[in-house]
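There are two complexes below, and they share chain A, which is joined by chain B in the first and by chain C in the second.
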Partner chain A sequence: MQPSLRTVRISPYRRLGSALWRLVAGLATAVMLLVLLLIFWTVIKGSLPAWSLSVFTTPTSGLSGGLENAILGTLWLGLLTILAVGVIGVATASFAAAYAPVWVREALLFVSDILSGVPSIVFGYVGYLAFVVTFGWGFSALAAGLTLTMLSLPYVVRNTMQAFDKVPVEIREAAKALGFSRARTLWSLMWPHSLSGIATGAVLALSVAMGETAPLLYTAEWSDSLPNLALTHHSVAYLTYVVWTFIQQPYPAANALAYMAGLLLMVVVGAIAFATRFRAMERP
Partner chain B sequence: MVEVQTENRPMTALRLEHVSLTAGKHTILDDISMDLPDGRITALVGPSGSGKSSLLRIVNRLWDGVPRVRVHGSVWYGDTDLYGDRVDVSVVRSHIGMVFQRPTPFPKSIFQNIALPLKVHGTARSEISDRVEAALQTVGLWDEVSNRLHQPALTLSGGQQQRLCIARALAVEPTVLLMDEPASALDPKSRRRIDELIMSLKGTVTVLMVTHHLDEARHISERLGVLVNGRLAAFGETEAVFASENDVVAHYLHHHDED
Partner chain C sequence: MKAVRARWIDRTVGSGLGLLSLAPMVTVVGLAAYLVASATPVFRYMGWRFFTSLQWAIGNQYANHAVVVHGVKVMPDASFGALVFIVGTALTSFLALIAAVPVAFFAAAGSGYFVKGRIRHLLAGLVEMMAGIPSVIYGLWGLVVVAPAVTNYIGPWLNRVLSPIAFLSGPLGSETNLLVAVIVITLMIVPIIAATIRAVMERIPREMIESGLALGWTEGETFWRVVWPYARSAVVGGSILGLGRALGETMAVLMVSGDAMNILPQNLYSAIGTMAATIAGQLDSALTDPTHMALHALGALGLVLFTITVMVNLLARAIVKRASSGVSLAEEGS
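Presenting the complex of A and B:
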C-alpha cells in the first residue's frame, strides 16, 4: 500500500490564531529593537556637543572639561576587579569541583545565586562599612575594586563551575587512576580545558562591574584628578558618576558630558560582550 | 567457590583477601579472595553487573572519595596492605596502572599524554622524551605517530587512542596493569592488536583484565576468575576453569551468548 498522510483542511480559526500570534511576536520584537534604537538615539544625540578629542585628553574640572579621569578610573577599577574576581572566583570553583563534598558544592551555588540577587547598593554600603571605615582605607580604588569583586563574583564562580562540569568524568578518572593529585588534575587538565568558560565569566563580571554606580558612590567617591596607582586613601573617578551627577545639572555642557559618558560605557561593554559572543560562536 | 587445581605456584604479585565492597546497604562484592601470579595475565569474566569492573577499581583504590562506598578486607601488594594506614595513594597508582573500556586520552598532544604522568611521578626532565618513545614503541604506536608527536591525541583513531592510553599507563612502569574491557569499544582489527599487545606484556607486567569475550579470555589469560552476582564462583588455571563441572560456572562458560 502506498503511504499517505491524511490531509486536513486547516480551519480558519487556526489560521487566524496563527496569524495573530505571529503579529504579537513580531510586534514584541519590534518594540525591543525600537527601545534599543531609542537609547542609542538619545545618547548619541545628547552627546553630540561633547564630540571632541579633548574628551579623552582632559580631566573634568567641576562640571566641565573632558572625561579623561573618568575613563582611566573606570579602566583602573575594571582591572583591579577582574584580577581579584578571577583569582577568587576560579579558586572557589576549583575548591568546589575538586575538594568539596557534593552538599558543599550545592550550597556554594545557592549562596552564589543569593549573592547575585542582592541589590548593588547594598554591596556599596557593606563595602563602605568594611573597607572604607573598618579597614580605614578611605574612599579608594581598593575599596571600590573589592566591592565590585563581591558583586561580580557569582558570575565567575558559576561560569567556571559550569566549565569544569564539561570536563569529561572519564578524563578526571583516568588522571586519578594515573596517580594525579587533585591539584595536579586541576591545573594540568581542568584549567586548560576550561579557559574559555573562565574567560567568559570574567568578562561578564567585568561588564557588570563597569556599569555599576551605586556601590562606587559609597566606596570610590569621585575625583577631578587622574587616578594614580595608590590603592588606598585616594578617591577615584568613574564614568557612571558622570552619567548620574552631570545629567541633573542645568548646564548643557555638563549634560553633554553625561551623555558622552553613557555612550562610552555602552560602546566598551557592548564591544566586550560582542567579543565574547563572537568567540563563543567560533567554537564548534 | 570451586578450588581449581594449580600445578606450579609462581610468585604472587597481588593477593586479595576477603575483599568486599558495599555501597550504602548494598553489597556489590562479597568476600573475594584471589592471588594474581607475578607477570601473568589473569582474566575476569562474568555476566553484566556481576561486579567485574568494581573489583578492578578496588585494586588501585579508585573508590577512594566516592560517597557511601566502602571497601572491606585487604589487598596485599608484597607485604603492604593497600588499604592499610599510611599508604600513599599516588604511589599505589604508579605501581598499579589502569586502562579503561573507552579510550581516555587527555585533550593534549600525543607527547604530553605520556609526559604528564611521568612528570607527576617525578621522572627527570632529561629522561622524558626517551621514556615517551619507549612507551610508544612498546605499544607499537611509535612508527605511526613519531612524526606528529605534538598533534592533539584526539586526532588519533579509536584503536590508536586506546594504545596511547596503554602506553601512558605503562610509561610509569607499573608492576600491575588493570584493564577494564580494553578492546571492547574497538573494531575487530584494533581489538586483535590490543590482544596481541596484552600478550606481549607477559613476563614483564602482571595483568588483571575484565572481558566480556570468553574466547578472548581463553586465548589470552593463564588464570581465570568467574564472577557471578558479586561472588567469585571459580578461580584458577584458565583451562581448568573451563573444564569445571560446577553448575553455575559451566552454565556461564558454555551457555553464554556473547553479547
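Presenting the complex of A and C:
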C-alpha cells in the first residue's frame, strides 16, 4: 500500500479539547497569581499611612508607635531558631548518615514526617506547658526559640539528608578506603559538599519560624520594649503579633501598623521562598 | 598515639551528634506525653460526651468551691464538649479540599506542563511562594477583603442562585463565617497540592511526552494519556497533604471563622469554630480557671487534633512517595 502524502489533519474537536485544557489550566494559574497580587496590593495599600522611617526606629507603645521592637524581636527569635535548628538538624542528619545503621535514617525521616504534620498551635500549647510553666522560664525568647526550633526541625533534617545523599558515593568509599574516621568524613567531605543544601534547609526553617504566630502567642507573649539578651523571663515582641492583634483594633494607626508588619513579613518570607526555588532551578 | 586520638575524637563527635539526634524523638514523645497528660482528666470527667456534647463551658468561675465529679476537680457547671469544633474542622477542611483539588491540579498543569522554560520556573516559584506566606497574612486578607466581599457580593449572589438549597443559602449571620473560612483555607492549600503534583509532573521523562506528541496527539491528549496516570497518585497524596494542613490551620481560621461556640452552623454564612482556632483563642480565658481543667480541656482538643493530623500527614507522605517511585520506575523502564 502506498503511504499517503496527505498530512494528518487534527480534527477541530480534538483541537478544541486541547485548547480547553490549556484554557482551564491557564485560568487556574491566573486565579492563583491574581490572588497573590491582590494580597500584596491589599497589604501595600493598607500600610501606606505607616510608611515612614520612624516605623523602624520607634517601638510600639500600646497600640501605636513604630515596629522597631517587633522587627528586632522577629530577627532575634529567627537568629536563635536558625542557630538551634541548624545545629540540631545537621547533627541529626549527620549522625544518621555517618554513624548510625541504615534503619536509623528511615526512623529519623519517619519521626521528622510526624513532626511536620503537627499543627503549630499544638507546639505552642505544649511549649507553654513545658518551657513556660514546667521549666519555669516564663514567657521568654528561649521558650519561643526552642518551640520554633522543634517546629521547623523537619525542614532542616530532610534537606540536609537530601544534600548528603547527593554526595557521590565514590568519595565516601574512597574516604573509607583511606581509613578516614567518621568524624573526619563528615568534617572534610560531607559537610563542605552539602553546604548549599544545608543552607537551603536552614533558610526555609527560618522563614517558617518567622511567619509563625500561634506558638509564639503563648511562649513569647508580647512586649513593648526592644529585645534584650536575657533568654528567660522576658517576653519578646514579634511582627506576626502585630498583624494578628492590631488589625482588629478600631484605630486607624494600629491598622496601618498591622499592614506594615504584614508587608515586612511578606517581603522577607517571599524573597526567601522565591530564592530557594531559583537556587533549585540553577542546579544542573 | 595519633590513631588513638583520632578514635577518641571520632567517638566523642559521634556521641555528641547522637545525643542531639535524639531531639526529634524526644519532641514527639514530649508532645504526646503532655497532650495525653492534659487530656486524661478531661476524658475521665466527660467520657464519650467529649465527642458528642455541644456545650463548651469552663464552669462558674465565681463559685465558692470547685466540685469533684468522677474524681476530677472542676468548677461547677463545667462542660467540655468538642462536637462543635470537630464539625467545624471537618466542614472547613473537606469543603476547602473539594474546592482546592481541581484548582491545584489545573494550576500545576498550567505552570508545570503547558508552559516551557523560564516561565515555568517563574510561575512555579510564584505559586509556591504563596505556600510560604504566613497564615496570619491570609487571615488579615481574609478579614479585610474576603469577608466584606462575601457579605456584600458573593453571599447575596449565591443566595439568589442557590436559594432552594437550605444549607447553601439563608441569612448572612456573621461577616466572618464558614464560607469565608473555606475560601481562605482553599487558597492556602492550593499551593501545597499544586507543588506536590508539579514535582511529580516534572519528573515524568521527556521522552514519554515527546512520544505522545510524535504520535500525533494534541498537547491536551498527551496530558490526559501520558501525564495523568503518573500524576494520579500525586493528586491523591498532595490532596491529603493539603487536608492535613487545612485541619491544623490556626491563625487564618481564627481571624475569619467567627469563633462560634455551643452552636452548630445553620448555613454557609454561620460562624463556626475549629479545634485549632479554639485552642489558640481560648487559651487566655482557660488560664483563669483555678482547677486548670479548662487548660486540660484545650489539651484534650489538642490531642484529638494531633492524632488526626499526624495520621493524615503520614498517609499523605506514603502515597506521595509511591507516586514518585512510580515515576522512577518509568525512568528505569524507558
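What we mean here is this: the second predicted complex is superposed on the first by the 266 of 284 C-alpha atoms of A that agree within 3 Å, B and C clash if a C-alpha of one lies under 4 Å from a C-alpha of the other, contacts with A are read in each partner's own complex, and residues count from 1 in each chain.
The rule is short, and it goes like this: contacts are C-beta pairs under 8 Å (C-beta built on N, C-alpha and C of every residue); 3 or more make two chains touch, one makes a residue touch a chain.
Since this is a predicted model, take the numbers as computed values, not measurements.
Enquirer: Could you say whether A:Ile171 touches chain B, chain C, both of them, or neither, answering first, second, both or neither?
Expert: In the superposed model, A:Ile171 contacts chain B only, not chain C.
Enquirer: According to the stated criteria, A:Pro101 is in contact with first (chain B), second (chain C), both, or neither; which is it?
Expert: Only chain B; A:Pro101 stays clear of chain C.
Enquirer: Which chain, chain B or chain C, is in touch with more residues of chain A?
Expert: C
Enquirer: Could you tell me if A:Val157 is touching chain B, chain C, both of them or neither one (first, second, both, neither)?
Expert: second
Enquirer: According to the stated criteria, A:Arg15 is in contact with first (chain B), second (chain C), both, or neither; which is it?
Expert: second
Enquirer: For A:Arg184, decide between first (touching chain B), second (touching chain C), both and neither.
Expert: Touch partners of A:Arg184: chain B and chain C.
Enquirer: Tell me the contact category for A:Ala230 with respect to chain B and chain C: first, second, both or neither.
Expert: It touches nothing on chain B or chain C.
Enquirer: Between chain B and chain C, which residues of chain A are contacted by each of them?
Expert: The overlap between the chain B and chain C interfaces on chain A comprises residues 181, 184.
Enquirer: Which part of chain B faces chain A closely enough to touch in the complex?
Expert: 60, 62, 67, 89-94, 97-98, 100, 102, 104, 106-108, 116-117, 120-121, 165, 168-169, 172
Enquirer: Could you list, by residue number, the parts of chain A that touch chain B in their complex?
Expert: 101-102, 168, 170-171, 173-181, 184, 188-189, 192-193
Enquirer: Mind pulling up the chain C residues that touch chain A in the complex?
Expert: Within the complex, chain C touches chain A at residues 6-7, 9-10, 13-14, 16-18, 20-21, 23-25, 27-28, 30-31, 34-35, 38, 102-107, 109-111, 113-114, 121, 123-141, 143-145, 187, 190-191, 194, 216, 218-221, 223-224, 244, 247-251, 255, 276, 279-280, 283, 298-299, 302, 305-306, 309-310, 312-314, 317.
Enquirer: Per the contact definition, I'd like the list of chain A residues that touch chain C in the complex.
Expert: Residues of chain A touching chain C: 8, 10, 14-15, 17-22, 24-33, 35-36, 38-39, 42-43, 46, 87-88, 91-92, 94-96, 98-100, 108, 110-126, 128-130, 150, 153-154, 157, 181-184, 186, 207-208, 210-214, 217-218, 240, 243-244, 247-248, 258-259, 262, 265-266, 269-270, 272-274, 277-278, 281.
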